[in-house]
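First chain A sits with chain B, and in the next complex the same chain sits with chain C.
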Partner chain A sequence: MVKSLGRGMFHMEQSIYIASCAAIAGKKEGEGPMGQCFDRVEMDSHFGQETWEKAESRMQQETIYTALQKASLTADDVDIILAGDLINQCTSSTYSLRPFGVPFLGLFGACSTMAEGLITASLILSSGAGKRCVAATSSHFSTAERQFRFPLSYGGQRPPTAQWTCTASGAVVLDTETEGSPAISGVCIGKITDLGVTDANNMGAAMAPAAADTLTRWFKGTCRTPNDYDAIVTGDLGMIGGKLFMELMMKQGYEINPCYHDCGAMMFDSLTQDTHAGGSGCGCGGSILCGHFLPLVKSGSIKRMLFMATGALMSPMLVQQGESIPSIAHLVEIVSGKEND
Partner chain B sequence: MVKSLGRGMFHMEQSIYIASCAAIAGKKEGEGPMGQCFDRVEMDSHFGQETWEKAESRMQQETIYTALQKASLTADDVDIILAGDLINQCTSSTYSLRPFGVPFLGLFGACSTMAEGLITASLILSSGAGKRCVAATSSHFSTAERQFRFPLSYGGQRPPTAQWTCTASGAVVLDTETEGSPAISGVCIGKITDLGVTDANNMGAAMAPAAADTLTRWFKGTCRTPNDYDAIVTGDLGMIGGKLFMELMMKQGYEINPCYHDCGAMMFDSLTQDTHAGGSGCGCGGSILCGHFLPLVKSGSIKRMLFMATGALMSPMLVQQGESIPSIAHLVEIVSGKEND
Partner chain C sequence: MKITPELYKDMTEQYAPKSKSYVNISFAFLIGGGICLLGEGLLNLFEYFGLDTQEAGSWTSIILVFLSALFTGLGWYEKIARHAGAGTLVPITGFANGVTSPAIEARTEGWILGVGSKIFTIAGPVILYGTAASVVYGLCLQIVRCIMGDQ
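And then the complex of A and B:
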């Protein structure tokens, strides 16, 4: 069962444990500053497949297999898989999961999917429904570029505010039994926020207000402050959105700068990798959470952290129709084994 | 809390009540045999908007408002909204919900979304997370045709197996308090099933095996038979898929024919409305559940029913790449107030 902390905000009365997790990334991500943290860096951006879409599916599938293997599990041990991605009709997830034969709930939260999956899985497990869930997501530079921007061969110019969709995937195995593991202790479901940004090449600016809304609600609902956390991590606001987010939080009276990290800003060396405002995509936050932060929580280096993944809930068609970009930010509180209560 | 009945199958120990529901449909749907059951039939297929996509968003938004009004509620009374649709990046839902300011979880289950939303909301409420959720979905003939098949002005020929995407929306308000209302007493989460159908104009055939898998699992897990139900309802298998589904169930030893209905087959008069194998789309099952079946459960005419919405989890791009169509069927057991236990 869970306890309400406010609207859409809940404290887990029984800990939901992170039994294992895995991250797989592409070549460019492997060459960046985070390259060492992934379970695997795949040099073939096609992942042995004929098309980019099938490549992304394969990457997500292998990430889930890896996470299960690390916990000595197979798909048969999983009650429910929750997954989603950026690609039309979430096919990266549906084709990825086709061979698993596991009850499946499809999610759409754009780049917020990793957090949305962790929240939904945690609440479902808190109801007593099953013992073990997997939450997974992925993104691929080549599937996303041609769907959201231009065909790769067009060679479109990217403005300085643009981010680079990461080729990466993250998967988390959640259960109610592996005591001592990192645990999800609270969640906050985001509200759709839209301050009128219409520039699809400046997603960070569109998403920053959603992140600020969610984090402010969390601090108020829990009476916590940035000082209570070793790390406050956003998914892919990037350099520009991350700066805006810190400013918005400062206006609310919260100085998060000392413990703030953004996975999009961490993923690449923007000076040498030509990635402008940083990484983006569902797989960006998903892979750095699973490859970098969760191991730090497991080792106890991080005792208590917030993972907030933000999503821009738009499509190219609605932007072409002159619409602004609605965004969302979902928040998950993760504590180390010693901090569980 | 819930009790497990098998993998991905759960019985609600505390009833999750259907406090209210609403259905809005378009002109053609209003002219069909079910025309009288909707809360509103809108003669303007643009719903007062400039584009089809904005029309679908507006329809879904007004359906949610209607459902809330029928329960004398406003959006402020809702803890979480769960919604999804067929359109790329689920924008019909995200733009629909933008003004509500309610914590939002986006779903992608294609035409299974109404059932996926009811399942996810029921499990979340069973965890104690909040008191009231809304599950909603929609589809629109004109948004779906141009996205999945051809531009409307192309005038493409439709084969006899093709179905007609309904312009319709359904929304359900779920809570833990309105005793005596129809209630969700059990759920079964679907598994992705793919028997190799590659014809995007024969979705019913692609989805029938998923429905048979879910219903067979449910009967085995609960030790129930078709005789225990006044109605077993699928979302949009249509005439061809529905017939296949009955045959597949017969092979499993279950004769469902006497109580079986398919919302896609019910929606139109195929002889006079030129709709071939019947209606389809998330809004098809959603609107007929909310407009026709739930009122029958409320009045006690139906004491116990199963609502199964099926979804084809493909995209035009993956079909163009030669892939077959993975499908899913999610099941919800609904009982009348007098049957609650």
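And then the complex of A and C:
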């Protein structure tokens, strides 16, 4: 039961409720300005495991367990889990969910995965194909560095435009029953956008046009304006991508500055934490959405918000072949229970 | 308004902060120079104890490579390199770090397919093109000697 607002854009006629959510982050993220908002900050970046990949799986698994516990649920109560991460073959998610025994759809949308999961879960629940879904994502600095860049102990210098992949995870439990909870009222599936950025050390710039495209489509499709929202939040554009995004929106005739936030820019104190242009990774937007923004929506401090997770769909191999970096941004409209009623 | 890749490139350049070259070059000079000073000190020390220049040079290299590998293993090298940039990359210590760091990283994938196959992922190009360049240099030298009639 969805109403189409245009290509890939839907209004949920039946509310999709966020029954609970959880966020777990690593030590560096815990030491940042958002450190207090997470359900748990793990000081051991190995999460008690032998390898970085197992560490990320463990972090995601514990985040999902925490979200389920907060809603007094177990894995048996979940119809479908949707999860993804940055690692090849989505291994952090598959190994995280291996013991759950829950029907699973693996997602890849780079850092846009949290929104991609929320959209897919919302459409599944709206269709009646399930009663309860979990959408989860994670990223780990060490697994991402290994796969996309250099060994951790390699002595390299990062340019000022580079972002820091967050060690963090977010999980959301969605259903059609918990009335009064924050609800997803609309979604917009992003289009692959590419304005020719080839610099893998400037992901924010690569992703900003995708965010601007999705948000412009949403405003045009819904006839809403930035004034209708208490918060417009992007996942990990960082400081540079965030400025470019605001300017791109300005060129489209929308001034979003007063209510605009970027999870990547919020995650770290770039002056003291040496994180350059801000945080990035699936877990960046996922954990700050679950740890900071959803509780604010639940309390009613935010009545209506847009969450846009942005993903640079980058392959190091294709970048080496001279290709530019395609990007995507998926949008989810979240309203407080009171607003929704 | 339609944003073209050309227009967006200009916007990106406007917002992207440039590297602070004067800071980076100063740190590279001081730390890189410091490493070379250490090497020079070691060389002189070995010569003082009676080694000839070639032997002293070999021992100096061995010690610098060892220190670099040790610092890499302790996680210090990347912290210094973050500020030093080319200062830690260019001396022999940078090469040692380029070999040690992938080896440390790959140990979770085993000794053969992990460490064995990934140890030269960073240093590989230096080894390949360094060897190739020395072959070309050797050939050129030989040709010049033949022409000049040395042999």
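In this text, the second predicted complex is superposed on the first by the 340 of 341 C-alpha atoms of A that agree within 3 Å, B and C clash if a C-alpha of one lies under 4 Å from a C-alpha of the other, contacts with A are read in each partner's own complex, and residues count from 1 in each chain.
Note that in this section a residue touches a chain if its C-beta (ideal position, glycine included) is under 8 Å from a C-beta of that chain, and two chains touch if they have at least 3 such contacts.
These numbers come from a predicted model, not from an experiment.
> State whether A:T161 touches chain B only (first), chain C only (second), both chains, or neither.
second
> Using the touch definition from the top, say if A:G35 reaches chain B (first), chain C (second), both or neither.
Neither partner.
> So, does A:F104 touch the first partner chain B, the second partner chain C, both, or neither?
first
> Figure out whether A:K243 sits in contact with chain B (first) or chain C (second), or with both, or with neither.
second
> Using the superposition on chain A described above, determine whether A:T51 touches chain B (first), chain C (second), both, or neither.
A:T51 contacts both chain B and chain C.
> Looking at A:C90, would you say it contacts chain B, chain C, both, or neither? Reply first, second, both or neither.
Once the two structures are laid over each other on A, A:C90 reaches chain B alone.
> In the superposed arrangement, does chain B or chain C reach more residues of chain A?
Partner touching more chain A residues in the overlay: B.
> Between chain B (first) and chain C (second), which, if any, makes contact with A:P226: first, second, both or neither?
A:P226 contacts neither chain B nor chain C.
> Which parts of chain A are in contact with chain B and also with chain C?
50-51
> Which residues of chain A touch chain C in their complex?
Going by the criterion above, the answer is residues 50-52, 146, 150-161, 195-197, 202, 205, 209, 212, 240, 243-244, 247-248, 251-252, 274.
> Using the touch definition up top, name the residues of chain C that touch chain A in the complex.
1, 3-5, 8-9, 11-12, 15-20, 24, 72-73, 75, 77-78, 80-85, 88-89, 94, 97-98, 100-102, 104-106, 108, 122
> Along chain B, where are the residues that touch chain A in the complex?
By the definition above, chain B touches chain A via 1-4, 7-8, 10, 50-51, 53-54, 79-80, 84, 86-91, 94-95, 97-98, 100-110, 116, 119-120, 123-124, 126-130, 188-192, 194, 313-318, 321, 323, 326, 328.
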